[in-house]
Structures are given as structure tokens and as C-alpha cells.
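The structures considered in this document are given below.
Both complexes below contain subunit A, partnered by subunit B and then by subunit C.
Take a look at the complex of A and B:
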């Protein structure tokens, strides 16, 4: 007897357009992936990788897939974005603010509304001509397309607890396809926006993205996950990042979903030699958000920098799971994560660093600090080191605590009211993760967004 | 040439000095495990019915449990039916004077003072040989202070009310796979009871020795420290050198009432197997202390150099307000040894404190894992934890792993965890070598410094032994 969640998805699969399921000879993979997900079921309480995130509440809910875009909804959103009537910037919702900025700055972007590409909100031009930048649905619908281009969709997920990756492999019909050829430097950033909106009942949305940066090429990617209206959808997104030799990718991800939305995200990145991957993650929304970030440093000299903040207030459950795999010599990672537990929230962090035999000269560093601000909140953190080589420098540190009373006292003695002093200190605590954002304008935007969210926490 | 060979052979033998076998008449239960075997074992020990029932309950539960697989260990399948669950020297002494001289010789060789001259050493010893305790020294002196120190079998006969009250109260019957097995088949162990307000006048010590072939050792230790009492307890273990793996699944329970303090030190030197990973002891131990009373304190110190596989997490349940727990550990894995060890600190009471210092050393193809849990529950206001895990790698093929779990549910808690991994640097070695130290001496000096924080927690004689053990265990690790 499988869970209602899986039952509802199984039924939904039967209702998908057969042509889309069959496209690019992926029908077999999709069916097999679904069968595997249904066969193994959802990870239970004993699954180690889900130890701190229970799916018991989720498995009782039902979701139906959404195969087509709601034209009138998209048109409505487009009008809101185009409407430049001066509104108080502070009151403007984050999604609207961001989309207006992207549109004003003519940032090439793909916008997906409830899991489907929305051309009216997107901008496909503005990148160097050699760059391939299109929605996955378009590539799938094109019978002339070389099937090797879509090979990444055929990947099988073998572990029993990869339920959501399997479901993604079965369902995802849309997403971002972005290929930057060797040597191309993209001066303009590229944005990927996933917007959720209410759509007659709770929907399951699946998106699959591929970002490939060729040898010596560079790209600045901004990934946003927002809610346009209140909704309780389930969004399952899987991003593949491939960085070729010497490639550089700066990747910002802002997750500010609706307080009832459920998010299951996974990013699988593979780095060749001398590739440089910088990430900044803000986990600010959703009722349940789980993000698995797997980065494999396959070539010597590959580097990863990952900063992030988990803001678990309200009744939010945020779970970020890093898995960094050092498989080659002289690779490096630097992970700086901050967590905040307030209200009835729970922040779960896992920072796994694996250094394989032969990966000498590796340097790996993880810092995870957490603030626990409420008696009903919880922080679970697990920094893990697995080391099979000896010429390495590896360390991690994790703390859970409160605001420093001495710092609070200092601010109060300078006449800062207690609430403001707390907010300032909390902001400073989180802001460190933004330090590596090179684009000052962007950093200010994100900083404002963070501050706006923290003001609501009432620390 | 001949002398050189002898030297080499000597050095080789020195690696595991405790590897000899004592030829002594031994009584066995036939290999195999069933309810009948447990009844037989219980009958042999003239145990009361409640004890037999307790064992059977544990056995029935054990049958339903899966073998745990979560540890980062490669464990060959264990055939529980091929193990003999009881082995004891035939001649049962009435007092220490009647103990088989061969046995005394064994303990002498191991450097454990069992006889009267032990007075000089000033340590009371309970010696456990295979499945039974063969003698406990200084009983009279201890009794004068009100301290009970005897074998578990004797305790079941002589102090059933205490045993019934505390046995299984810290590690319940169904706690985990190996603990359940231990409950069913434990043969002996030590029992310590320190009454209210007594500071135990001497160090207590148990020495465990596995001698017989094809046996498992399943001992059970219970230490109860009443209000305001103090005890320091030492545990040592060795086994002969054999090609088969032998199973050691012990349970240690500590109970500390208000203001009581228990200091528990272990130097574990079970046979580690040879360079190729043949033989050695499977050491699957459940150790847990319950700080039941306010302001109580339990401190675990362990030096783990032996065993083919170590699976051991001495833990503290900090139930009493203002109670504290400590864990100091040095774990060394060389050749094909594997260790998955660490601690759990469960903060339940207010203002509870815990400290974890773990030092892992991996050499050869050794795999060394620290696995720890620091949990602060909802009521644990003002809880404080500090954890430091350092790993030292010697060689290209070894591994060092750290799996800490931190779970905090109280906003006033402060929990800190730090871990580092490094190797002995060429600079350090070069410096020592330039001062005229041999390479091995240099390594052992550096390792000694690395472990200092833990060694200083050990009673002096043990610290010396531990240092020597590390040196011997690391022989051949460099170059």
C-alpha cells in the first residue's frame, strides 16, 4: 500500500500527454524511473539521509501534475511586471521586485510558471550567439534534435532513497537548457525563475535544468524560486551543472517560496580541472524545503565555494545537504553556512566532505554556525569528513548558540534599542554569506531581501 | 647476520606482547546459541529465576533484531552458532591463594598485580579470564570502607536487590543488537557499589583476558555510585594471537546519583589481527553512564589500540541538573584495523555540561571513524558542549572520518564542534631528525604530543602503559 502522495503521482503520470512522455526516446526511462520510485517508496524514518527530515506529513497529501500553462495567469503576471506605477518598493513582493529588475536590466531569462515555460515573461536574446539558451520543452518537441544533447535526461538514479530524483526523471517536461561553448565569456548574467501560483488544487511541478559551461568559458547564473500567489504546490527541481576545464560559474540561488509550498531541489555539479564554481544560497521560504547539493571535483585544481543561509522561522523546515566529493589532486572547497531557528522552525544542515584516495593536496573547509532564537525551534547539524588521503588539509567547525550577550550589551549601551540591536546582530550573522557576491548592485538587492525577511522574524 | 635476524624477530614479536596462550584446563559449553544454552549457562552459575527470565527475554528480542550496518566498518558475517558462550578454568579457587599458579603467571606476564604484592601497586583488581572472574583483590579493605567490589556472578548471589535495581536500567535489554546479545549470554564481569558519601580508597580495576579458542567474551560491568561518592575505575584487556576472529560484546553501565563522580578509564589492547587483517577481536561494546543525580559527573577516558574492529560509543545521559559528562579518547588503527568509535552526550537536565576530546590516528590501511551525537533536549536549559576531534594520518592508504550529529532543541544551549585532519608534516619530522632522533622515535614523540590532552586524564600507571602501547602499535608505520 503505497502512500497517497505516490498514488496521486502515479495517476497523474497516466494523464501526461503521450507525445511529451515519448519524446527523445525517453518513454522507457520515464516509466522505469517512476516504477523505481513507486517500488522503493518514500524514504522512511530509518533512511540515514532523511534522518532529520520526516516525509510523513507530505506522504499523506496528494498532488496532481500540471501539463499546460495557464495563459490568463501568465498574462496577468506580465501586466503586473509591466505596470511601472510607482509602488512603495518595500511593499512590493520579492518576486515582482526581482522580475521588474530583470526586465529593466534586460537580463536574459527563462521564467517558468507552475513548471511550464512562460515566453511572455522570458527573454531569450542578449547572450552571445554561440550560447544555446532555451526551454527544455522546445528541445523535446523538436524531432530533428540530436538525441545526444538530451542524454542527461536518461540518467538512472539507483539509490532507493533518490525518490524525488526518480520522480523528476519520470515527470519533468520542461526546464532550462543552457550551454556556453568553450571560451565564451558571458558578460550579462542569466536568470532562471521558477514561479509558483495557485492553480485549482495542489500541483506537483517537475523541472529539470542543464547548465553547461565549456572550457575556459564563464557565466553568472541567478536562480530564483518565488511564489506569485499563495499556494501549496510541490516543486521538484533537479539542476545539472557541468563545468569543463577552466570554466567559471557564479551561481546565486534565492528560495523565497510561499509559506505553504513544498520544495525538493537537487543540484548535481561536476567540475573538470581548474574549474571554479561559486555558489550563494538563500533558503528563506517554503514550509518544507530540502536541497541536496552534490559537487564532484573531478579534475585537479577544481574549486568550489559555497555560502548559504537557512532562515527557519514560522513552521518552516529547511534541510540543506551538501555532498562535496574531492576526486582529484589539489582540489579545494570552502563552505560557509549559517542557520537560524526561530518560531517553530527547524534548520537541518549536513555538510559532507569526501576526500578520495589519491586526492592529495586537497584543502577542504567547512564552517556552519547556527543561531537558535526560540524555545520551539530546532537546529540539527552534521558536518562530516571522510578522508582517504593523507596530504590534505581538512577541517570543519559547527556551533549552535545565541547572540553574544556582550555584543548586545555594547549596542544597548550605545543607545540602540534592544529589538534593533538584536536585528542588527542577526543580520550581521547572516550577511557573511553574501560577502563573496562580486556584483555590488546584486549584493545590495539580496541584502535588502534578507533584511526584509529578518525583520519579520522578530528575533 | 644471525643477531640481526633475531632482532628483527624480536621486534616483530614485540608488536603484540600479550599474544601468548595459557595452557590451562578449561571447561566449555559446546558452541551454539539457543534458549537451552542460555538456561544451561544460567544454571551453571546458579542464578535465580528472575535472572534466567531476563536473559531469555533478551535472547528472544535479539532474535528479532537486524544486524546493525550503519557503522563505517567492513564486518565479515558472524556465525553466532559457532561460538562457545562459556569457557572457564576448571579449577575454581576459593581464594586468591588457591588460584592456579599458571593463571597468576598469566597476569604477571601481562603486568597485572593479582597477588598480595599487589598491595604495593595499591590497585584493587578483578581479573576476568574468559567467561569468569578468577579473583578480586583487596576485598576486605574495600569492604571496610563499605565499597562492594566483586564479580557480577557473586553480586547476583550476594546482592540481588542491588543488581535487580540497577542492571539494565542504563542500557535496556533491547537497546541494540550486541547489547541484547550480551544480556542473554553475559557470563561475568565486575560489580561496584560505592555507598553514600564514600570516596573509594583505591583505584578499582578489571582485567579482561580472552584465552580459550572459539569463544566469545560477554562481560557485564555495573558501577553504582551513591550520593556524594567517588570512584576511579580502570579496565584493561588482552587476548592471544589467533587466526580466527573472536567476538567480544560487553556492556558497561554506570549510575551516578547526586554529587557522585565516576571516572572510567580503558586501555583496550585486544589482539588486533596481523598485518593482513587475519584474526583479531571484534570488539562491539555498549558503554553508557547515567548521570541520574544533580551535580553528578561521569568521565570516560579510553585508549583503543587493539581489536580488529572496534564499535564502541561510551555515552553519558545527563539527566540530573548541573551534571556533566566527559569523553577523552585516543583510537589508533594500524594495518587492517577498523574503528568506529565516539560518544553520545544526551543533555536532559538544566545547566548540563559535556566535553568531548577525540584523537584518531590512522596508519597502514587502518580506517578510523569518530561518530558522535550531542543532543540538547527541550528541557536542557543552559546546556553547554564542546567537542574537538582531531585525526592524524600516517600513510597513503589509511582513512580518517568524522560523523558528528548535533541536535539542539533549547535556545539557551551552546554547542561547539571542531574537527581537523592532518598528517605528520615533513617539517616536523625533519626537525626531530636533525636533532638526532630516529624516524620512529620522532613519530612516536609527535603522536605522543598529539594525544597528550587525553593521556593526562589517565591515572599515571595507565598513561605510561598507553604511551608504550601506542609506540608498539605504530611500529613499522613509517617508511
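Take a look at the complex of A and C:
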């Protein structure tokens, strides 16, 4: 007998609009993906890739899908964004602060509220005309659309533990479609915003995104995941990133969800030769957030820079799993991650680097340092380096420790009270991951958001 | 201002200070000299409130406060400053941001209004001008990647900005070339005033050519064994610390 979670999803699938399920001839793929997910069930304690993240509490919960937008909810959010009455910046929630900034700076953006495209909060114009930038729901609803454009949705997930990717393949009816053609440099950043909000019971939200950057093209993408109101939804998102030869993508992802929300995210990136992928991930919210980041460096000279912060306080369980696959010569990755364990939080970090035979001249660097701020918090870090090539430069380091007592005393000896000194040092510990953000204004914004979140972190 | 009486301190179970007494009045500069391992740095650290020092006997009064009961940040706000022998590198914490937080925390403790960014920068510029320090240090992380000389300059700059009532310089001269040494001395001399006192801890007499002390004390085996005026420093320089052993009356059994 399958778990209540999967039963509730199975029932929900039957209630999806048949036209949307059938669109782009994906009906068969969706049904087969659901059947595979139900057949294999949720990954259990014996599944190697889920060893440190238990789904026992989640599998007993039930969620219903949500296929239509709640117009009055979106209108209410739009009013809050448009309301320019001065509010204390400190009290303004992160989602509102961010959406007001995006709106003021006229950043092209797609905003999804509870998994559904919200045109009233989005801005589709502002990018070079050749760029395709639209919600997936729009493409699915267009019968004249070339089916090859949506081919990525037909992907089958074969491994038994890919339950959430399979569920995503079955359910996702919306998301971001972003294609930058060869040679196009997008000067403006582009934002993808996923907002969760309370909606009559707990909802399961599925979003599928495609980001394709053509040969020699470049893009700056900002992905935000926030709670607009308190909610305990499950959000399952799958992002496909394709970087063609010499393409460049700078990708920021900020996750500051509600403390009761559940997030299951996966990013699959494929890089051609000389492509350059820079990522900064901030995991600051949710009760359970798992992110699987798979990057395949398939062409020679492809580079990945991935930085991130895992802030596990309260009762939060964070699990970030990197899988970097060096499949070509002279590829490089540089991974700098920082973890904080406070309260009863738990941070799991897996840094997997595979250097395949023939990927000579590859360089791989992984640094994962963690601060344990509470005796009840837990940090699990596993750097895993597998090398089958020659002339490889690879290094990895993982540490778990406390704040440096000498630094703490130094700050206090100048008059900084202990709690403030601890916070300054904790912020400094995390700040290194922001060093690679080239946009100074953005870095300051993110730094402020991080500081705001850390201010609430007790031991 | 500072009255230390019969101070006994253990570090990791070993007694380092064995009945040290010292009386420092406003306006005075006291030099504390002594051989390595005499307990000089222990004295500075204990006064500033560093952890890991067990006080087994004695009292320390600072103004009308029992210093040993105060947290390190309270001691700072009461006007005590320790210039570290080895200033700590703190990557990721901006020097200016840190100093503004420190100064405002002290002001808040003393019931003074906090400075806003403009007022703070004005004060910083004034102090920099007096000390002939470039403002480049301010934009960097605290001591991070600083040379030995830069770290000591930064200590003196912090002292100038925080304007303590009592500044303790813990071997600030160690590892400094003559130019940096002069700069440190200038910083101190500039701040000498009738209501401010200094304790200058040093191994060598050299610094005392530039910071002329009112009193010189010799710290050996955990207590002050000899006190005098500045000529004592010269005697030590001439004869070395071994000279003390010859002069000292054996009194170990008295402890």
C-alpha cells in the first residue's frame, strides 16, 4: 500500500484538466511518469542518495494539486507591491522587498503564485526581441506550437529514487521557458519568482523550467522562492539549464520559504565547450528543502562556479546534493559552500565530483566549511571525489567547527557585545559565498537579506 | 584609576602571576618589562578579560568598578583598551563597520548618543590625519592580510578612535621596524593627557626611547620585582635581565 502522500497525489492527478494533461502529446508521458513514481514509491532510508534525508514525516501528509490561479490572492499581492507607502525596510518581508525592487527596476520577470503563472505580477517585455521568454502554460496551450520546443518535457526518469522528478514530469503544467539565441547578450537580468501562499489546505505545486543560452550568448538569471503568506505547501521544481558553446549564465537562487514549507528542487545543467556557469545559492527557509544540483561539463573548457549558504536553524532540514560530472578535457569547477547549524537544524551537504577517463587537465576545487552554533544542531558533509583521468588538479576540504574564540574576544575587547560579535562573525563566515557576485547592488541586497535572516538565528 | 593587588592567575593549571600588585593613576605611563615567560602578556589578557585565565586570588579595581566582574565588552566601555601583541585577522568583517559598531556599543553603554555614519566618518578622518595613516586600511577586512606593521598601526588607530581611559600596549613594538615604531610612539604620545593612563608592556627598552615612561616595573616570575623611573629601563638594557637575579633576595619560601 502506498503512502498517504502518493495516494493524495494520485487522486489529484485524476482531477487535473484533461486538456492540459494531453497538451503537446504529453499525456502518455505524464501518466507513465506518475505510474513509475507510484510503483517505486518514495525513496527510503536504504536509497543511497537519500541516506541523510528521511521522508517518513512527509509521506504521511496529504497534498492536493492546484491547477488554477487564485485571482483574488494575486490581486491582493499586486496591491501590496504597488503600494508605495513607506514601510520600515526591516519589517518588510523578503518577497515584498524583492518584488518591489524588481518592479522598480523593470526587471523582466515571471512570477508564479502557488505554481501558477501570475501575469499581474510579471513583466514579459524588456528583453531583446529574439529572446523567447514566456510561461510554460502559454506554450502548452498553443496548438500551433512546434512540438520540438517542448521536447524536454518528454524526458523519462529511469532511476527508482527519482520520484520527485517523475512526479514533476507527471504534474508540472507551468514554469519558465527562456531561450536566448546564439550571440545575444542580455544586459538586463531576468527573474523567476516562485511564491507560496496559503490556499485551502496543503497544496502540491509542480513547476518545470527551461533555461537555454545559445552559443556565445549570456544571461543573468535570478531565481527566488519566497512565502507570500504562511503556508505548508510542497513545491517540487525542476530546472533544466542548457549552455551552448561559449555561453555564459550567472544564476542566483535565493530560497527563503516559510518555516513550514517543503521544497524539493532539482537543477540539471549541461554545459558545452567553453561554457561558463556561475551559481550562488542561498538556502534560508522551509522546514525541509532538498536541492539536487547536477552539472555535466560535456565540452572542453567548460567551467562551473557554485557557491552557497545552508542556514539550518529552527527545525529546518536542508539537503544540498551536488553532482558535478567532468566529461571533457580542461573543464573546471570551483565549489565554495558554507553551512550553519543552529537550534535543532540539520544541514546535509554532499559534494560529488566525478572526473571521467579522458577528462585530462581538469581542475576541481571544493570547500565546505560549517559552523555548529548549537549542541542540538547537526551537520553532515560528504565530499566525494572520483577521479579516472590524468593530470588532474583536485582538492577538497570539509570542516565543522565553532566560531573562532580569538576573533570573538578581539571584537568584544573593543566593546562589541558578545551576541553582536557572534553575529558579525557568523555573517562574515557566510559572506565569502557572495564575493563572486559581480553586481554590487545585488550583492548588497543579498548581504542585507542574509544579515536579516542571521539576526534571527539563536544558538 | 587601576589598582591591582596581590593578583594570582593560573593558566592551564600552572600559576603564571604570583601576587602581582600595581597602582596606576590618571596621566601616568607605566612600562612593564621582563624576560620571556615572566607573565607580561598574561597580565594584559587578564585585564582585558580573555577566557582561559583562572584568577585564584587578588583584586583589580578600575575606577569604582571591580574589573574582574566585568565582561570584556564592559571593560572596553568602561575605558580599557588592549593593543594586542598578535592582532587577530577576521576575514569578512569590514574594519570601518566593526569600529563603528564598537564605538557605538561603547557610547550606548555610557548613555551617550550613537554616532550616525556621517559623524563617524568625520571622526575617522580626524584621527587618520593625526596619525598619518592612509584610509586604505579602513576598506579592508579587520587585519586580514595586513602586514605586521599594518596590524599594529590598526591597533593604534583603534585606540585613537575609541579614546580609552587606560590603554595597555602588549609588546606593540615586537616585530616593528623603526618607522612603524615611531608611528606607534607618536600615536601614544599624542594621546597622553592628565586623565589618561598607559601600561606599556615590552621586552626591549627601545620603545621607551620614544614613549618616555613615568615608571618602569620589572616583571619576573609572576610578580613585580623592581620598580623605578625610566633609568631602570636603561640599566636593564645595559646589564640584561640576568642582572636582576643577582640583585634579588631569595624569598621563595615566603610564598
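Heads up, the rule we're going with is that the second predicted complex is superposed on the first by the 458 of 459 C-alpha atoms of A that agree within 3 Å, B and C clash if a C-alpha of one lies under 4 Å from a C-alpha of the other, contacts with A are read in each partner's own complex, and residues count from 1 in each chain.
Everything below uses one rule, namely that a contact is a pair of C-beta atoms (placed from the backbone, for glycine too) under 8 Å apart; a residue touches a chain by one contact, two chains touch by 3 or more.
Keep in mind it's a predicted model, so treat the numbers as computed, not measured.
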{"item": "Three-chain arrangement built on subunit A, subunit B and subunit C clash or fit", "value": "fit"}
{"item": "Partner chain in contact with A:372 - subunit B first, subunit C second, else both or neither", "value": "first"}
{"item": "Partner chain(s) touched by A:230 [first = subunit B, second = subunit C, both, neither]", "value": "neither"}
{"item": "Subunit B versus subunit C as contact partner of A:48, first or second or both or neither", "value": "first"}
{"item": "Partner chain(s) touched by A:424 [first = subunit B, second = subunit C, both, neither]", "value": "second"}
{"item": "Touched partner set for A:393, first subunit B, second subunit C, both or neither", "value": "first"}
{"item": "Touched partner set for A:82, first subunit B, second subunit C, both or neither", "value": "neither"}
{"item": "Which superposed partner A:383 touches (first subunit B, second subunit C, both, neither)", "value": "first"}
{"item": "Touch count on subunit A, higher of subunit B and subunit C", "value": "B"}
{"item": "Minimum C-alpha separation between subunit B and subunit C after superposing on chain A, in Å", "value": "16"}
{"item": "Doubly contacted residues of subunit A, that is, touched by subunit B and again by subunit C", "value": "none"}
{"item": "Subunit A residues touching subunit B - in the complex, by the definition given at the top", "value": "48, 52, 341, 357, 370, 372-375, 377-402"}
{"item": "Residues of subunit C touching subunit A in the complex", "value": "48-51, 71-73, 75-77, 81-82, 84, 87-88, 90-93, 98-99, 101-103, 105-106, 109, 141-142, 158, 162"}
{"item": "Of subunit A, residues touching subunit C in the complex", "value": "404-407, 409-418, 420-421, 424-425, 427-429, 431-432"}
{"item": "Contacting residues of subunit B [partner subunit A, same complex]", "value": "70, 72, 376, 378, 391, 393-423"}
